[in-house]
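Shared between the two complexes below is chain A, which has chain B as its partner in the first and chain C in the second.
Let's turn to the complex of A and B:
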């Protein structure tokens, strides 16, 4: 081999020649290469989120970029990707290079951790409140005057009422809505699973169309004029009122619904590869700051911070909120029972 | 309304007529009274019936209207649902299309790509059928046809960042692997290539074989390395305004058309190149196509016969210089090549100067060594008569050849002047490394030609080259004994 010891004398000569002839050339090349590497270090984050968070993160990203610039002097640009939460999780599993995920429910981030192993399975312990910096719930958005007199879940399952809700197979919001209805039936019928199943069967008989995400369902209901009631994220319902006008729709808050906890997490392996771990972590932690909580509340997400929650209390109706843990034994069990292939949803829904 | 009015009138009239008749009569009997009573009852019954009908009529129209309204609403909802479902189906179809592999077949070749373009494989090809006709050569050289190049070219990408190229050549009389390399692309600025590929020195040598002005490269390419085995760091900076390449190679002799797949000695070569196009990304149109650079290489050969060129060749690919038997490369071998081009509209100019400095030794008496410095330069120019832009990567006809539509492709005139001078010490009488009886010490040539680009894939060339030699003292007729006059033609398919 050319680099064996017997050739050392030769390479000493070679080095001298290189130093004489090639040094300036190599220095220039090295400088060029270093410049190339340095130029590639611009901080960019990709936040893969669920459907209705567009407006929240548009505002939050601007605030965080300002905060990060003031703190470190670095510019950070955050790109957003939105879609049904389940679909988004699958995209990350399939290779979408998210630095952070802010999805509709913990199960979807669990799927990323378990299937793609891009973050540890105990990811939810890394940030306060089970890594859910804000919460929400499912409410009814009805047409102005509430012509079908929809006040509670019983009204939604009545014959002749057309319900708009996304597909639980792809949408996190849809899964929350399904479970809210199921939880209502359990509470109403003494935790009789058969009657609860019958209840959601009747509900989905009233659903003529399933969008893949919450934003799609809002379009179906509000823009395309389909249906009598939209089962919507609370924030999405408020946004619809804001965007389309309170003269067209009304929000009806049922006496009982579900506590929706949309979690956030750094996608460790991707962030590490991008060299963005620190900024990604800071990005999520800042959601818990006063400013982050204010932005969440302004966008109709229920803040965790008690002071901010108190300040915006008028925006959020009081109702009984059940949790997935209480009613369904956690997300893993709920997913398997209701939404996995062959689960209850597959049994009751016939398109 | 008329029926109602008639009945009411009759009823009211009856109320007055029957009592009057009763009053005028002188006698009433029970029969008449009964009839009157019966009539009264009939009138009352009719009155009730009218009232009932009125009520029924008042009640019925809104009910019918509501039913109609409801039906219209239901139909409207059904239509909206169908329209929305169609919209969602289209969205699903569009989303599904994004995940389907892409197949493309066009002038750039055949490409199969995954939907996310992380995996790509392309098939390209280059076929060149040439003719060379020599004049006034005393029948020393055979004129004739030649399959100059016949290359299937397979390129592609795996896992987004890893590019590859595999190019065998079935042209000429030797089948060989020309390119076989893997290129890791961290970003355009920083890439690492490994395998067999062109050494980054000569501008003309680095130009694709499909895009040269003439059938054959000029005399400067005789002095630069051809393809070599090695590892190279390279990239394009500032949007392509600057590019660099630096690598460690096995080391090859001055240009040898026959490449090898093994590194035959322990000596390695460093080669590198910087090329600047400062105005490439600016709006200064007249300077966007100006590129200047320098390439170079260095290696140290020890007792390496393989390190010496097999010979320098003319445009007609005839050897006019070879080192004598028993001469070997033995010491430093460095090259430097200042180079540049300028393309502006239909004008294209390319120029290059090369020094190849090599220490050589004789292994037979008289023994001795010398540092020989061979030099060459060339300048070539082209003008696209049909107005298309001339570029380093060829000419794209504005109106491809088509007899039905009247397109005639692009026409380009080309000219070149070139020289190669071998170090005079090579012919030293006391310590000769080459024989003036078999080799010339210099060659200079001019060429002119016409190229016809029928379309992006098909090109026809015709050119004439005239080469003069000096320093040849041979007594017998040989290639350098007289000028080389050759007419080239080419039919080329490149995709």
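Let's turn to the complex of A and C:
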């Protein structure tokens, strides 16, 4: 090194210092390696999920751990990570060691498959029902007594109605809400894109605050008292009722909305490296079991299993549900047309 | 490792407090490269993945232009307001003794320590139309939360310690004899302040201003909660960068970051030049 010709002693000192510092770490490393060998049947899984699934997976993880213990005798500890769906996908791409991902939309898992190549691009075909064991939809949460008489999407875009919804650019749930409104306009106005665009423009003119995530919008609506209607995940709306009291709000289910499919996938490469491929796969498959479906239904996610759906039918109002594939030709296309730079969402705000 | 080395280390270490120039310079360069230059260079490299047309389309789009205006405007005004009121706080803390002074002194640092998201949520709650302060302002037709005014308040909050903490020590060193001398030479209070105290403090004030301004430009956590985040109106540049990241558009996100970096660098350079100029002006004047 050019800057220290006569200071060679520094390197030796540095080495000494580093060795001194390293010692405790080496001991710790050795100790944990020993512990790992001794209790080899302690399995750890990391499930990286999106915002509103906290309660669902808390309950499900306990059930799965019990099931796995009974089946194999192994203890499995599942850690959860929650956040905006897009942000969570980014973390996984940047190296967060998720064994499984359970995100808000297929586009985010696609990104993990395409950009980080941690799982094959056809991941969505590996589990039944597009790899979505439970579904949800977008409903309206209104103030008690529904003072603005909001029954359908047309009422939401009326002048003078204040709507709270997160920013579709930063929130998975908000993208579903936007697409639900757009799909309604397409279905109502004979698939005329110009009229649908006008419809969503009027909708977002009524939005005074675009929070960055679903929870943020729920708080704005419920605690700050802003807005006449909150466009929310069905499960998030039920949760708000539970949390803030059913005497303050009510849920209005529109006659038509979107079938929101929050998919799940094993992150192949990470799971393989952790040696957790089997348990990770079982973890996701068990979501389709009767118990898994019941837990989903109890947490206000619509179960795929018809028998369980029948049992909890009272929780889920009947409505016409359209899919992203039908109306928008899949997520990649929807993202490009609506949410990319200069897309329709950007055009709404252009003067 | 033979023991001898250790004793040499000890012997040499005792000889000097800090090793020589070349060692420290080398260390400085290495440190700056690792912590600052390499990440910044990576930003530039990443944004170069875009073609020139894509780059200019991203950084000159109407939402981006509106966001620059808002980010730089709100940060600038917040720093200016802090320069004035932060100076007053520093003055009170240095020149007067009063009950609870130490507590007030410690309070100044609070915006440093508080997680910015907490600050944002607290401010938004206070200033919301149904909040403690917002409820009083709402009948007057003043909206704070979810407006540009709210962003300004959040940025003022996080910037305050920078001014106080840079001005405070300089003010403490300032001899009050200088003021007495000015008074005895017939200067009135205003003249004493304007011609004696302010010139001595202006370098520290400018430094504090630059720090508060730079900090406000990069602020994300508190602003997203108090802003309504509407494109073209209340969307700051860091939020725009976050939404590009959420769409997995890393190159576009870094393109916006590059623009922020270049403008910030130029502005900070200008502040430094101003500081240098005011220093020179002062010393020549005093001489």
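Basically, the second predicted complex is superposed on the first by the 306 of 351 C-alpha atoms of A that agree within 3 Å, B and C clash if a C-alpha of one lies under 4 Å from a C-alpha of the other, contacts with A are read in each partner's own complex, and residues count from 1 in each chain.
One rule holds for everything that comes next: a contact is a pair of C-beta atoms (placed from the backbone, for glycine too) under 8 Å apart; a residue touches a chain by one contact, two chains touch by 3 or more.
Keep in mind it's a predicted model, so treat the numbers as computed, not measured.
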| item | value |
| --- | --- |
| Touching partner for A:133 - first (chain B), second (chain C), both, neither | neither |
| Which superposed partner A:211 touches (first chain B, second chain C, both, neither) | both |
| Superposed model, chain A: greater residue contact from chain B or chain C | C |
| Partner chain in contact with A:162 - chain B first, chain C second, else both or neither | first |
| First, second, both or neither for A:225, with chain B first and chain C second | both |
| Chain B versus chain C as contact partner of A:84, first or second or both or neither | second |
| Contacts of A:95 with chain B and chain C, given as first, second, both or neither | first |
| Chain B versus chain C as contact partner of A:292, first or second or both or neither | neither |
| Where chain A meets both chain C and chain B, residue numbers | 1, 7, 10, 13, 208-209, 211-212, 216, 224-226 |
| Residue ranges of chain B touching chain A (in the complex, touch as defined) | 77, 80-81, 83-85, 87-88, 92, 116, 118, 186-187, 189-190, 233, 235, 237, 242, 244, 246, 266-268, 270, 272, 274, 296, 298, 300, 302, 332, 334 |
| Chain A to chain C touching residues, read off their complex | 1, 3-4, 7, 9-10, 12-13, 15-16, 19, 84, 86-87, 89-90, 93, 111, 115, 167, 169-170, 207-212, 216, 223-226, 335, 339-342, 346, 349-351 |
| Chain A to chain B touching residues, read off their complex | 1-2, 7, 10, 13-14, 17-18, 21-22, 25-26, 28-29, 32-33, 35-37, 39-40, 95, 162, 208-209, 211-212, 216, 220, 224-227 |
| Touching residues on chain C, where the partner in the complex is chain A | 1, 5-6, 8-9, 12-13, 19-20, 22-23, 25-26, 57-58, 61-63, 124-125, 128-131, 145-146, 224-225, 228-232, 239, 242-249, 252 |
